[in-house]
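As structure tokens, here come the structures.
Shared chain: chain A. Partners: chain B in the first complex, chain C in the second.
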Partner chain A sequence: MSFVSFSFALFVAAAVLFYYLIPVRYRYLVLLIFSLLFYYLACGKYIIYILLASLVTYISSMLMEKEKQKVQVLFPAEETAADRNKKKEAKEWLKKRLKRIMIIDLLLVFGTLSVLKYSEFVFANINLFRLLFFGDRKLRGLGDLVLPLGISFYTFQAAGYIIDLYYKRIDAEKNPFKLMLFVTFFPQIIQGPISRFKDLSPTLFAGNRFERENIRKGLYYILFGVAKKLIIADRLSLFVQRSSAFYKDVNGTYLLLTILFYSLQLYADFSGGINITIGTARLFGVEVTENFARPFFSKSVAEYWRRWHITLGTWFRDYIFYPISISKNLMNLGKKVSRVSSFFGKRTSLYTATIVVWALTGLWHGAEWRYVVWGLLNGIIMCVSAELEPLYAWLNRKAGWKDDSFLHKAFSIIRTFLIMSFLRIFDLSFEGIRMALSILKRILLRQGGITMSRLEELGLSQNDLIISLAGIALLFVISMLQRKKSIYERLMGLSLPCRWVICTLSVALILVFGYYGLGYSGADFIYMQF
Partner chain B sequence: MKRPIYGLIIKSLCVLITAWLLFTVLDRIFMPKYVEENTDGNVTAEFYRADTPLDAVFFGSSTVYNAIAPDKMWNEFGFSSYTRASASQTIWQSYYLIRDTVHYNRPKLVTLDVSFMKYGEDFYEEASNRKTIDGMKLSFDKLMCARDSMWEEESLYSYAFPILRFHSRWNELRAEDFKYALRRPTVTYDGFIMGFRNDPDIENYEVVEKEDYSFPPKAAEYLVRIMEYCEEEDIPLLLMKTPTYINNWFPEYDRQLEEMAGKYRNVEYVNFDYCADIIGLDRRADYMDGHSHLNICGAEKFSGFFGKYIKDRYGLPDHRQDDTYSSVWNERYTRYCIDGEIGKAALK
Partner chain C sequence: MDELIDILKGIHPEVDYETEEALIDSRIFDSFDIVTLVGQLTEEYDIEIGPEDLLPENFNSAKSIYELVCRLMEE
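Moving on to the complex of A and B:
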């Protein structure tokens, strides 16, 4: 069931109706039932994976809770208060127990993800290795495994919950149905965001009362998301798919246009989907974390990643980057390196953690080397940029550019956009790294003219181009307007008739210019495949 | 406490009315108008403009709307009728159209051309489906008709809200689309489409014998449904084969249809192919489109014969002395004559 379908609209309408008809204390159960139904309709029997993930997470959390209670019996409060060593001992004891449970839990949930998503990749690489070094012996893979919908998202969400419990950032949820709802909540199952328990649970479990503001805000978000998806993203999708598929037959200018359009398509698609997610959740009064903050206005790659897919970035930062960068082993390594070179010693833990995080981020996006390379390049660019900071500052001083001057900002923004677009070549290159390099080569060395007829052959007619550019321009204007106030707040500042006219016009634009229906080959949400 | 609830209800109503208006306006602008070309796309819809009760309604494919002229039959026999046929109208579409027709203007006689009994589940033409179904008013029958007619890539919603299908016409809209958005002129002659072409060359069409002459299950199932429905509604049903000159109809079909019709009290089957000589149809002058349809000359001959047959057989009334009918139908007949003569002159 696609987010941009009548079936989904009816599904949500039914869910909203039931939600507000049921007594407040049972409303979370309505959400759970509809979430499971949604998942079942999308995946059928593969619902078992998400049910197991919920179950494992629940059992682990309860075991952790039990250990926390046990420590109070084994080490009574009076004793630990009086004896520092006893307190330390109790802490160590609990930490050890909790860690053991956490590791088993993570092994189980990430193990499932690894087997389903990465086993083919691992076997392929082992086989390649064996072929190179031991002849042509082949290991048999696990066959074609079906990747359940949203597994990367719900696995990370469930894992985040257990890690937060380990660090005692949250209290365990004792109601298994509520925890299951946290893992399976249907608006965010397709493409995130990856919510944190402490952020999502208050409104998710509350049994929110009907408030017009929630409905209004939700519908505005949905409208905005659908417009982005249907008018811009899907319209560009055919051109991007075709020109990348026929990359050998088109010159570099088309490919340059392809990667620029792909960046915009991806943004419109993913952020549009997130808007629909936030809007749908809001209809139930549930507040889902924002996942984008005008990323194309970033002045550096690092900033870009703080504004793009924010929840994934913060997940990796909190659960991978920080633990790695402050881990004893890495600190010790840094100290050892410092003995040889203090320059590298200081940077060892930071950059190692950065590279690891980005390699994993690449892998999260897909079980292929091109994603790993894409991730690593992001990490390397960030490390290099950090090192080049003094050089930039010196150049700016020499050129007389101030950091906050319009020209400097514009230059930085365009540079970042271009870097990110070029990195996306790896994303686009479904044949692998070789294809990515070939596209890059063609862009750099084989420039040529563009004709409308060729663009049309590649799936972008003149009218489609005009609409796409108009849509992108509108998106740009809206992003500019959002610098100080969200577009929703701005809309609310308008009079009621104005809002009605804007909404009616928006719906009309979607209905007329949306890329949907027979004769159009609209695409699924891109992040759904991750 | 009450005021917010009233406010909410009023606002919700406003939202619904705005949405309805928006869809209606967009539907009307974007749907093909079928006024200046492909006028057969209006046959299904113009049925609702019948200003008098109808005595007979004729269903079937394009062979029917090119062959049966209600205005001509009015003038000669005095009964009111409508040709609710459409291009490639499948048997299941006929079923839902008959139900829809009975709901709005219950006729005394229903006739169904059976040429499409040969086509089953795998038959699909989106353009024809659209011409047939889009003209129906929104109802359960319309949606069921769409469900049974569409293929998997189509969306049922697009039959309820045609803008979802025709929005792709945004770059081909013409003045006609705005001009006729509010009201389309009447372009058919009570469902009859005049054909002003002919096929003077006689070709010997090859007869391709078949191994199995049984009707496809879906067509057979819906024919049974039609017969049962007419029996329930106590409306006589005439299953008929409109005369054509292409050899794609076999006696085996006739036998099966006679057998099926024989099981019902109010149903009979007549193959008018066998009456072509009695009707006086001239193979060189009265046919068009590869002899698969009658042109205006052939239609007038056939309508005269067919009208007499159903009037006598089913006792259809003569309303010519009834002002309620004659004020409407005489005007229609005049229009039919004027346009017909102009076309016939061009044909000669």
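Moving on to the complex of A and C:
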């Protein structure tokens, strides 16, 4: 069931109706039932995976709670308060127990994800290794395993919950149905965001009362998301797919246009989908975390990743980057390296953790080497940029550019956009790294002219081009307007007739310029495949 | 406290640490800065800072960082 379909609209309408008809204290159950129904309609029997993930997470959390209670019996508060060593002993004892449970839980949930998503990749690489060193003996893989919808998203969300429990950042949810709802909540199952328990749970479990403001805000968000998806993303989709598929037959200028359009398509697609997610959740009064903060206005790659897919970035930062970079082992390694070189010693833990995180971020996007390379390039650019900062500052001083001058900002923003667009070549290159390098070579060395007829052959008619560019320009203006206030707040600042005109115009634009209708099957959301 | 301010100045010299109370919330310190700071605090004060301590409220101001260091030294 696509987010931009009549059936989804009906499904959401039914869920909203039931939600507000049921007494407040049972409303979370309506969300759970509809979430499971949504998942079953999308995946059928493969619902078993998300049910198991919820169950494992619940059991682990309860076992952790039990240990927390046990420590209070074994080490009574009056003893630990008086004796510092006893307090330390209790802390260590609990940490050890909780860690054991957390590791088993993570092995189970990430184990499932690994087998389903990465086993073919692992077997293919083992076979390649065997072929190179032992002839052509082949290991048989596990066959074509079906990847359940949203597994990368719900696995990370469930794992984050357990890790937060281990760090005692949250209290365990004792109601298994509520925890299951946290893992399966349907608006965010397709493409995230990856919510934190402390952020999502208050409004998810509350049983929110009907408020016109929630419905209004929800519908605005949905309208905005649908417009982005149908007017821009799906319009550019055909061209991007075709020109990348026929990359050997087109010159570098078409390919340059392809990668620039792909960046914009991806943004319109993913952020549009997230708008629909936030809007749908809001219809129930549930507040879902924002996943974007005007990423194309970033002045560096590091800043871009703080503003694009924010919840994935903060997940990797809090649960992988920080624990690795400040781990005793890496800190000690840094000290040893410092004896040889103080420069490298200071950077050992920081850059090792960065590279690990970005290799994993690449793998999260797909079980292929091109994604790993894409991730590593992001990490390497960040490390190199950090080192080059003094040089940039020196160059700026020499050129007389101030950091906050318009020219300097515009230059940094365009540079970051181009870097990110070029890195996306790896994302587009479905044949692998060789294809990515070939596209890059063509862009750099085989520039040529562009004709409208060739663009049309590639799926972008003159009208499509004009509408896409107008849509992108409008998106740019909206992003500019969002510098200080969200677009919703700005809309609410307008008079009612103005708001009606804007809404009617938006609906008309979607109806006239959107890609939809009989015989047209909307493109899936790109992040759904991850 | 003076020692701590010196360490912080080494990371971001332009910040007024006497008044700034949103080092993390205002994105003055990013994750690279935090890891650099943790490395220096660990070495300088012989403390162990764990991922559980890496909360915005512990790093938003020089005062909160100082309090964290004192708490960990006591432990």
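In this section, the second predicted complex is superposed on the first by the 526 of 530 C-alpha atoms of A that agree within 3 Å, B and C clash if a C-alpha of one lies under 4 Å from a C-alpha of the other, contacts with A are read in each partner's own complex, and residues count from 1 in each chain.
The working rule: a residue touches a chain if its C-beta (ideal position, glycine included) is under 8 Å from a C-beta of that chain, and two chains touch if they have at least 3 such contacts.
A quick note: this is a predicted structure, and the numbers were derived from the prediction, not measured.
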Let me test your reading of the model: by the given contact rule, A:326 touches which partner, first (chain B), second (chain C), both or neither?
second
Residues of chain A touched by chain B versus by chain C: which partner has the larger set?
C
Now for A:239: first (chain B), second (chain C), both, or neither, which partner does it touch?
neither
Partner chain in contact with A:6 - chain B first, chain C second, else both or neither:
first
Check whether A:504 is in contact with chain B, with chain C, with both or with neither, and answer first, second, both or neither.
first
Considering only the touch criterion stated at the top, classify A:317 as touching first (chain B), second (chain C), both, or neither.
second
What residues on chain A does chain C touch that chain B touches too?
none
Chain B - residues contacting chain A, complex:
8, 18-19, 22-23, 26, 30, 126, 153-155, 157-158, 163-165, 167-168, 170-171
Enumerate the contact residues on chain A facing chain B in the complex.
6, 212, 463, 500, 504, 507-508, 511-514, 516-520
Touching residues on chain C, where the partner in the complex is chain A:
27, 30-32, 34-36, 38-39, 42-43, 48-52, 54-55, 75
Can you list the chain A residues touching chain C in their complex?
88, 167-169, 302, 306, 317-318, 321-323, 325-326, 328, 331, 334-335, 346, 349-350, 353, 386
